[in-house]
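Following are the structures in question.
Two complexes come next, and they have one chain in common, chain A, joined by chain B in the first and chain C in the second.
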Partner chain A sequence: MASAPSKLYADDVSLLMVLLDTNPLFWSTSSLPFSNFLSHVLSFLNSILLLNQLNQVAVIATGYNSCDYIFDSSVSTSRGLENGRMPALCSNLLQKLEEFVVRDEQLCKEGSENGLASSLLSGYVAIMNAIFSAQRSMVPIDSCYLGSNNSAFLQQASYITGGVYLKPQQPDGLFQYLSTVFATDLHSRTFLQLPKSVGVDFRASKEDSRKDGRPLESRRKDSRKNDPNIQLASSV
Partner chain B sequence: MPQVRIIAKNFMDMVASLPAMKLDNLYSNAFICEAILRSLPPLAKKYVLQMLCIDGPISAKSMQEWVLADGASKHKVAVDRLLQLRIFTETVDRKRETSYRLNPVFQSNLQKLLVSGEVLPGEPLPSSITARLPSLEELDVFAIEQWECFMLQLINSSQAERPSNISSSTMKVFQRGLLTQRDKEAPRLTESGFQFLDRGVDPADLISFLLELSFHVTGEAYNISSLTDIQRETIKDLADLGLVKLQQGRKESWFIPSKLATNLSMSLTDSSSRKQGFVVVETNFRMYAYSTSKLHCEILRLFSRIEYQLPNLIVAAITKESLYNAFENGITAEQIISFLQQNAHPRVAERIPSVPENVTDQMRLWEADLNRVEMIPAHCYDEFPSREVFEGACEFAREGNGFLWEDSKKMRLIVKAEIHKNMREYLSRSK
Partner chain C sequence: MSSGEVIKRAKYKTSVKDPGTPGVLKMTEQKFLFNPNDPSSVTKLDVEFAHIKGHKHTKEGSNKPPWLNLTHDQGGSYIFEFQSFADLHVYREFVGNALAKSGEAAKAASTAKVTSSTKVASEKSAVSFPDEQLSTAEMELRMNLLREDSELQKLHKQFVIGGVLTESEFWATRKKLLDVDNRGKLKQRVGFKSTMILDTKPMADGRTNKVTFNLTPEIKYQIFVLKPAVHQAFLNLVPSKMTEKDFWTKYFRAEYLHSTKNAITVAAEAAEDEELAIFLKEDNILAREARRKIRRVDPTLDMEADLGDDYTHLPDHGIFRDGTKEISETQHEQYMRTLSQDLNRQGAVVLEGRTVDVDLEDPRTVAEALVRSRQELDGDKTQERLDRLSRMTDIEDLREPLDHPFAPLCIKDPRDYFDAQQANALKTLDDARNKMEQTKRNLSIDEAYGSLRDSISKIKTMGLSDPIVKPEVALSVLNGLTQNISSSKFQLGKNSRESILDGLPNTTKHELMHHWMSIQELLRHFWSSYPITTTSLHTKVSRLKDAMSQTYRQLEEIKESVQSDFRHKVSLLVRPMHQALDAAFQHYDADQQKRSSKGEPLNGFV
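Showing the complex of A and B:
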């Protein structure tokens, strides 16, 4: 399948959706501790908001069983320092994230009897739906993948939608990767050298792909239109 | 060396044209760093972000590799702008390799912002003190009213509904600065507009105050006692312009920033800041303006003859006399044409050209009529002692780029006035 033609953008205003994989199965084995990972991501979110007054950021956490919004820059108006020390963005996001992880864990206990097979299948359909509608509305899906093997799913998603797939070689310098590659607005992408896909695995995905670490998936788009994909993406 | 010349089109451009020393001082304020970053071209922003965590210099060559081949011109513009703003410092090593590094003060300020997120310059007053604040719509209306009233007074002081508190002397400063460009005025401060605020106060202080103001939240109330004396003095003028609204409570008084203030540091592309147009120009030099604004009417009056004024429509004619009036005031045909094009009614804005060609051509011709004679102050020399001296003098004038005319038979020479002094020195030497 050919990758999507890119839209022309007149300015550098963007809406960034970040999907964080909080799957404990992956993070317990990762070389990069989750807390370090989060601090890289928080700086990244701050940098997006810093670049343009009109930029917006939303963060969705995807856990083992469910997913939910944990941050939305258009809702949280109280910026600045809260409780004396912690910046508002951090404290809001961390609090929501914690609530989410607890909820997700409980769901996991309740759902263990029902078996996961059916949810996996519907999950697959939903993911493909999300990818195709992103392609249709020319919303690039960027993937930053921290696991050991490559994710065929995300490779394909990024390739089809004209986004960037990147597997950082040195996860300790994650912020540099994020700011260099993923913070690029769509306007600048037309004349910047970005990592190209080296070979996409086009085979149909195996079912176990869900167990791979999928720490960060970001998509950006023109902020002036409504995103039809958010609903689909949240059922991942 | 940087190639782009900054023409102050908006507030941020004006900041960028400050002298180097002043800029370096400004960067100690984190708000200014943020505002400057946001005002940069997209590619330049990207470079800054990319280099934010890199302490050493980066060679120009490796930076070149960041862009694709067809982005080379954008790359150059971005780097030049960064150099001009002294965000980048350039070093050339022994092998003549150029490298750039970020201004360390700027860099550390932005790094802090990355960690802490955006910080607001001040805490808004709680609603228990301020009781009822104006809604955002009310504030917008207030801001636009103030601005239009001020603009009206500038253009034609008799038309203003109520006299504003701006003293006549500052008004004059404004008028002097704005006279040549007032027909293009959008609600924003221009460089010349800025001069009026600049009364014995360091412009850097004012700029940092204005930029800080732009990071306040629109519609929230902030205590005036948190300001310095200079700022308190300035804020009264800003209230007259509609940038802030001042209110007085029982004990405290506070200011509420309007959109005009918070948009100061925003540099948007033309398309996003453009408002809906209202002017239709016909090929018979008739102009229909769908507007209820007195200001619009006065602006049109600057270069056209108003024929009818209906509640929501102004009918005017562009005539030779009305245009000569405008030219006398220092307004150029190009400015009028671009005003008409930028404010074209949506019905005609789609068309190319949006203003009929015969009208624009005629306007340019009428303007050219006035400029048939060009005046250059000059000095005439004659009675040269010898032909050699005369020819030497001609040569000298040509080299100095001041030569205007010669008559070699009668040995007479006319040169521009600016090289008169050098010429006299030259002639006394050659005697």
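Showing the complex of A and C:
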């Protein structure tokens, strides 16, 4: 498959943005319980921060009606919440997550149902814009998909931004998947082989392909910057 | 002479040097026949005008004998020498008419060839454009485009010749292509060369004292522009008082005299020959213009003066004398011309550019056109300047290309996507439910939120599970990932950048790409025809639908006929094409249903 543009990275520092899907309808019927899922994810975040002193992690929870930051490692938090069972970052995150879910539920009760259709359409445009901006800024979007069918959206997003799309076959081993595939920093990816999806479903693609029918091959940009590498990971 | 044919004596030459075989040349509207006088000679000719692509002839005023040259479309030429120019003109007219008629006949014959022939050559000349008036230039342009781009040509052949799309529809989406080529021509006016006629050197014959000047129409035009007095004289004297040749002879004699710089000789000659005097004198018209221009100089202009301008206190008033004695008689002053005058005049004319845009062949028309333009210029000076400014700022090749911005056609309605996804999501929920074999869960939002919050508090109290992942599970995951990576590497080969297309055999690849392009084209026209408002759109859509079904079947055949190694890859590639076509078919069917249920108000009551 054609690869997306890649920057040259000087070191293996990463800034990882995690989008956590907290759609209650999905999680109430998922085979992997939400609490297990959270433990996998929290351990993963912890290990990211351990890989390199300069690594940073930020977590955004996407709920049914809203989304919000629930964790940012660059913000120095008060370390008083350590309760012996988990590191402070986890308890902070969980606290914020709970508050977020409560707010989301509140919004659900207040909002009426007719806002749904318009938000879908404008949401679609917003998502595509975000994906294209990521492509432009050369920020790879990795996807870890836990539903039953594949998500065409995320497949395309990962494909055109040069990220990894993975649908774990064994949800119990989620942490293993996360740490093997998604914890790799962008510098190391140049010499690591990551799972590639053989076929990408381009059905809903709005971009026009080139005349000869191949999907768009993005241009290679060669820019060296001193920013830490930015990496976007989302899990559904 | 009868209008149907011309018969005269002529000599046939195979080349210019050939003395020529005398004979009789007979021309009819379709062909010409030449029979030599000598019956034993073999140079008989019988050529149809369809094979002749052009004709040339020698001019009457030149020293050449009357020749007519007919060029064959295979590269040869037939040269006929006539007894007089009158004969030549008769034949020339006849040939012109015959060629025009045969040109039309050729076009008519080739349009009759429009069937489902697949020969490339016939397509280029054979396409008729019944529903639009196209200039030949545009037709040329389209044919050039088709010739250069083979993919475009294939599409054109498939759709326009196959009757699916009309020519205008095909090109309507390619306006950008047609437009860009048109702008290749520069719209700037080309001006004079700055060397102009000052470097027209005569050819001097050393033995006889003859000097030969070569005059082209361009040079004549330049002379008219440079020297208004000569221009005026030309208008007055030719052809009433003297022939053009005499005029120019006199003119060059005057030039020669000037170049000798002998003012006395010049004065003497001028006294003898009145017409020569015109050329020798100072150019009155120029002088008048110069005086006018001097008067228009702004008196408040601050002309910088420095010490060098103080000539009163320098020896000899600052004039450099080289010691030679200059005998300047005032009476001969008017016959002197200085280099600086010439240069100034030349500079002024070059900067003005060409003001006249006529065919330069006939000096008379050029002269008259110049007069007209001068009269126009004498009008409002400021307006003239503004006009000139506006003309100069419109330099097209310095402008950015006119990019017609358009939004790419959005083929699918995003709402459909979301509907599909919603259906998918619900389907997965159903599957999950069945898979887990749990008691029926209530999907109400409140309960869902409640369970979510419970999970969070559960993990808060219990902490992270220990171990996070069971070792066996971790191992199997790792093995699975490794296998996946190595197998995909095996499938795709060492070069992971290679796309699926490259792995296929060439014929399949080309077929698939061609199908992709034709599907793009069809879909573009299909979706742009909705909503259907006229019957022409309706027929267009049905035509397109038939073409699309045909392509659909062809794709399926490709899928089945390909080798088993590639079958998976091909089906992956074919799937989106099928899906796009399916979406179009669905839309078509839905629309048909709507129409039939509405009762087709166009056709009246049911």
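Following the convention adopted for this analysis, the second predicted complex is superposed on the first by the 190 of 236 C-alpha atoms of A that agree within 3 Å, B and C clash if a C-alpha of one lies under 4 Å from a C-alpha of the other, contacts with A are read in each partner's own complex, and residues count from 1 in each chain.
Keep in mind that, in the parts below, a residue touches a chain if its C-beta (ideal position, glycine included) is under 8 Å from a C-beta of that chain, and two chains touch if they have at least 3 such contacts.
This one's a predicted model, so the numbers in the text were calculated from it and none came from an experiment.
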Next item on the list: Could you check whether chain B and chain C clash or fit when both are placed on chain A?
Entry: fit
Check: Of the partners chain B and chain C, which touch A:175 in the superposed model: first, second, both, neither?
Finding: both
Next item on the list: Between chain B and chain C, pick out the one touching the greater number of residues of chain A.
Entry: C
Notebook entry, point to check: Is A:51 contacted by the first partner chain B, the second partner chain C, both or neither?
Noted result: first
Margin query: Just checking: does A:43 make contact with chain B only, chain C only, both, or neither of them? Give me first, second, both or neither.
Written below: both
Next item on the list: State whether A:12 touches chain B only (first), chain C only (second), both chains, or neither.
Entry: first
Note to self: According to the stated criteria, A:196 is in contact with first (chain B), second (chain C), both, or neither; which is it?
What the structure shows: second
Notebook entry, point to check: chain B and chain C, closest CA-CA distance after overlay, in Å?
Noted result: 6
Next item on the list: Residue by residue on chain A, keep only those touching chain B in one complex and chain C in the other, then list them.
Entry: 43, 90, 175-176, 180, 193
Check: Contact residues on chain A for chain C in the complex?
Finding: 1-3, 22, 24-31, 33-36, 38-40, 42-43, 64, 85-86, 90-91, 94, 97-98, 101-102, 104-105, 108, 117, 120-121, 124-125, 147-149, 168-170, 172-177, 180-181, 193-196, 198-199, 201-204, 206, 208, 211-214
Check: Which bits of chain A are touching chain B when the two form their complex?
Finding: 10-13, 43, 46-47, 49-53, 77, 79-81, 87-90, 175-176, 179-180, 183-185, 187-188, 190-193
Margin query: Looking at the complex, which residues from chain C come into contact with chain A?
Written below: 151, 408, 410, 412, 414-415, 417-418, 424-425, 427-429, 431-433, 435-436, 441, 443, 445-449, 451-453, 455-460, 462-465, 468-470, 473-474, 476-478, 480-481, 484-485, 488-489, 491-492, 496-497, 499-501, 512-513, 516-517, 572-573, 576, 579
Note to self: Give the list of chain B residues in touch with chain A in this complex.
What the structure shows: 34, 37-38, 42-43, 45-46, 49-50, 52-53, 65-68, 70-71, 74-75, 110, 113-120, 123, 217, 265-266, 268-269, 271-272
